[in-house]
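These are the structures, in C-alpha cells.
Both of the next two complexes hold subunit A, though its partner changes from subunit B to subunit C.
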Partner chain A sequence: MKEIDCRGLGCPEPVIRTKKGLKESPDGVDVIVDDRAARENVPRYAEATGYKAEVKQEGEAWRIEIRR
Partner chain B sequence: MRISGKAGLAVTGAAIGIISVALVALGNPANMGFCIACFIRDIAGAMHLHTAPIVEYVRPEIIGIVFGSFAISVIKGDFNPRAGSSPVLRFIIGFIVMVGALVFLGCPLRMVLRLGGGDLNALVGLAGFAAGIAAGCFFLSRGFSLGRASKESPLEGVAFPAINVALFIAFLAVPSLFLFSESGPGSMHAPVAASLLAGLIVGIAAERTRLCMAGGIRDMILIRDFTLITGFVAIFAFALIGNLITGRFSLGFAEQPVAHSAHIWNFLGMFAVGLGSAMLGGCPLRQLIMAGEGSGDSAMAVLGMLVGAACAHNFSLAASANVGPGINGKVALVIGIVLLVAIAAIVTERNRRSE
Partner chain C sequence: MDEKRLTELVRSSGCNAKLPPGDLHEVLDSLPHDADARLIGGYEKSDDAFVYDIGEGKVLIETVDFFPPMVDDPVAFGEIAAANAISDIYAMGAEPSVALSLMCFPSCLPLSVMRSIMLGAIAKAREAGCIIAGGHTISDREPKFGLSVTAIAGKESVWTNSGALPGDVLVLTKKLGAGVNMTALKGGETDAAEAIESMRTLNKRARDMARALRVHAATDVTGFSILGHSAEMADGSGVTVSIAFSSLPFFSGTEELARFGFIPEGRYTNEDYLHDKVAFASGLGKRERDLLFSPETSGGLLLSMPRPDAERFVDGFGAPAAIIGHVRERGSVSVDVIA
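For the complex of A and B:
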C-alpha cells in the first residue's frame, strides 16, 4: 500500500497530501502522522469521503490505514 | 472529558462568545472581550516596545490562553516540543499578519465578535479574510509548505509558556516596570483575575477542540469539511445573543467601537491576515495555542506578531479608530501583501520542482 509520510507536518498539509494520495491510489493509502490535530483530521477527511480509517500507534507517530 | 468534533467546537464557541461579552461588561473595550492582535499589541506597549500611550497593558487573557493550552496539553499528552519549519519566514508572516490586523483593528476572533456586536465593517473584513484564505488555499493545494518540524527538547517546548508566566509574575510583583494607558482602549480592562480565568478557559477549550478562525474557512474550501467552522459560527451566535441581552448590539457602519469604515483597507487588512494565517496553518489564536503545546515555530510567529505590533505603532502603520489607516499603513500593508504572495509563490514553485 502506498505510504505517505507526514511526520513533522502541521495542519492542513497531512490532509492535503492524503487527498492527493487518494486521487493517485483510489484503493487506499497509509498516512504516517505525528501531530495530534492531523491524527484527528486525516481520519475525519477519509471517512467524509467514503473511506474507512484505522489509526495505529507506531512509536511516537500514528499510522492511519485508509481503505475502501 | 473528551471534547472533539462539532459538538465540542459548538460548546467552545458558545463559551468564547459568552465570556467575551462578559469581559466587556467587566471593563474590556467594546467588542473586544478577546482580540489576540490588540492584546499582543497592548503587551508590546506595556513592555516599552512602542510608545502609543493609549494601547499599553499587560493583558492576562493572552498569558492565560498560552498557559491554559500548555497545561492541558501536558495533562492530555498533546505537549509536543518541535520546531524548525521555516522559523524566520514564520516570524515575517506573523509580522505582516499583525500589520494587517492593526489596519483592520482586530484579529479574526475580534472580527467575529465585532460582527456579533452589529459592526458591519467587520463584514467587509470577513470578505477580505475569506479571500485571503482562498488565496492561501490556492498555494496550499499546489504544494505550498513551510517544511517539516523536528522534535526538540522539552526545555525548548516549555520556554515560551514559561516566558508568559514570568511576564505575569513580573506584572503582579513589579507593575512599575510596565507602562499602563491612562486613557483609550489600553486603559479599559476587566479585573486581572477575571481576564486570566477567561484566558485559561479559552486556552484549554481551544487546545482540546483545535478551534481556529482561519481553519474553518480553509477546510470548507479545501476539503468541504464543516467541522472547524462550527466554532466560528457559535462564537458569532453567542456574542450576538449576549450583546442583544446586555444592550450592546448596534447595527451599522458608523460610530462602531474601535473600528473604521475605510472599506478597501478593512478588506485588504483582513486579506493579509487570511493569507498569512493559511500559510502559518492557523489564525493568531491558534498560533498562541500551538505555542503553548510546545511549537517553537508558532512561538516565532507570535514573536513576529509582537514585533509587528511594536513597529505598527512606532511607524504609524496601525489604523486610527473612526479614521482608518494613514499613508504609512496603506503602503506597509500593500508591501506586506506583495511579500506574502511572493513567499507563497517562491516556496510553492520550489516544492513543485523538488517533487
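For the complex of A and C:
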C-alpha cells in the first residue's frame, strides 16, 4: 500500500497530502502522522469521502490505514 | 528568490496560535499575585483586559493581542490583527484611545509587506477612533503582528465577563467558523471571503448599540472557542449557560469543511481543557464538538442581557446577531449545549 509520510507536518497539510494520495491511489493509502490534530483530521477526511480509516500507534507516530 | 506567502511562513495562525488554555493556566496559577487595590480586574478573572483605577471615577483599561498571519494579503492581516486586539476593549464596553504595535518580521520578506500590515492596522485603528502611537519590531523567522490597546473609561461603566444573571439571554454578534475556514484556506479549499470580511470588522457597532441597553456580562469570542469563552463567563458569574446549537450562526460552508477534516489544532486542546466544564445533549456528537471547540479569530461580542434588551439589540443590529442561549442557576457544568 502506498505510504504518505506526514511526520513533522501540521494541519491542514496531512489532509491535503491524503487527498492527493487518494486521487493517485484510489484503493487506499497509509498515512503516517505524528501530530495529534492530523491523527483526528485525516480519518475525518477519509470518512467524509467514503473510505474507512483505522488508526494504529507506531512508536511516537500513528499509521492511519485508509481503505475502501 | 520567489517571494514567500505570509501564511507559508507560519505553522499556526490567528487566535489558533494561542497556547493551549490548560498550559497557560498551569503557569498563571503558579505565579505570585501581587495585590493592588487600584487593580480592579486582572488575569485571575479571565477577563479580556485589566482595569486599573486612576482616580476621580476613571479607570485605565489595557489589553494586548498578537498572532501569526492567517491570510496572505498583508493589509487584510493588519486589519484583522487590529480589529481583534481592539475588540478586547469593546468587550469591556469601552472605546480605544491609543495603541502600540508589536511586529515580528522575517528578513526574507520585503519591507513593503511590513508597511502594508501597518497601513491595514492604522486604517482599522482610525475607524475605531484610536491612534497607533508607537510600537516595537523584532526580526523573527515567523511573522506576527498585533496591538496593545489602551482605553480610559468611567469606573461604573465597565463591562466584565462575571455579571451574568439567571434569566439573562446570550447574544452573539458575529458568525462562527473562523478557525475552520482559516485551516481550509491554508489548504486551498476555500477563499474564506465571508470569514475574512467578518474578522476585519470592528465590534464597534455592536459595542455602541449595546451601550444603550442593559449588559450584565460581556466578552468576545476568540481562541478559546465559543464554549471556552462561554465557560469563562459562566464560571466568573457563578451560573450555567445553556447554548442552543441550532441557533448558532456559521459562515456558509463551515460545517462541510469541518466534516472533511479542516479543523484547527486548537479544537482539540480546547476540548482537553473544557471537557469536564461542558455537557452536550444526547444526539449531539463529533460534528457539534468540532464546530464549537474550534478557535475563533476576531469573533463577535458575547453579551449576557435581560431578554427585552437582547431582543431590542438583535432587532436593531440585524443579522448575524442572534440570541444563542440563556443563563440559569449554576448546575453541575459551566456550559450545556442543547440541540
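In the analysis below, the second predicted complex is superposed on the first by the 68 of 68 C-alpha atoms of A that agree within 3 Å, B and C clash if a C-alpha of one lies under 4 Å from a C-alpha of the other, contacts with A are read in each partner's own complex, and residues count from 1 in each chain.
FYI, a contact is a pair of C-beta atoms (placed from the backbone, for glycine too) under 8 Å apart; a residue touches a chain by one contact, two chains touch by 3 or more.
Predicted, not measured: the structure shown is a model, and the values here were computed from it.
Colleague: Judging by the criteria at the top, classify the pair subunit B and subunit C on subunit A as clash or fit.
Modeller: Taken together on subunit A, subunit C would clash with subunit B, as the superposition shows.
Colleague: Check whether A:V42 is in contact with subunit B, with subunit C, with both or with neither, and answer first, second, both or neither.
Modeller: second
Colleague: Check the residue A:V15 against both partner chains and state whether it touches subunit B (first), subunit C (second), both, or neither.
Modeller: Once the two structures are laid over each other on A, A:V15 reaches both partners.
Colleague: Once chain A of both complexes is superposed, is A:S25 in touch with subunit B (first), subunit C (second), both, or neither?
Modeller: In the superposition, A:S25 contacts neither subunit B nor subunit C.
Colleague: Which partner does A:R7 reach: the first (subunit B), the second (subunit C), both, or neither?
Modeller: After superposition on chain A, A:R7 lies in contact with subunit B alone.
Colleague: With the two complexes overlaid, spot the stretch of subunit B among 76-84, 148-156 or 256-264 whose C-alpha atoms clash with subunit C.
Modeller: Between subunit B and subunit C, the clashing stretch is 256-264.
Colleague: On subunit A, which stretch or stretches are contacted by subunit B in one complex as well as by subunit C in the other?
Modeller: On subunit A, the overlap between the subunit B and subunit C contacts is residues 10-13, 15-16, 35-37, 40-41, 44-45, 48.
Colleague: Once bound in the complex, which stretches of subunit A touch subunit C?
Modeller: 10-13, 15-16, 35-37, 40-45, 48-49
Colleague: Touching residues of subunit A toward subunit B in the complex: what are they?
Modeller: Its residues touching subunit B are 7-13, 15-16, 19, 34-37, 40-41, 44-45, 48, 60.
Colleague: Spell out the residues on subunit C that touch subunit A in their complex, using ranges where they run on.
Modeller: Residues 11-12, 183-184, 186-189, 258-265, 267-268, 290 of subunit C touch subunit A in their complex.
Colleague: If you look only at subunit B, which of its residues touch subunit A in the complex?
Modeller: Where subunit B meets subunit A, its residues are 4, 78, 80, 82, 85, 140-141, 145, 147-151, 210, 215, 218-219, 222-225, 227, 281-282, 290, 295, 297.
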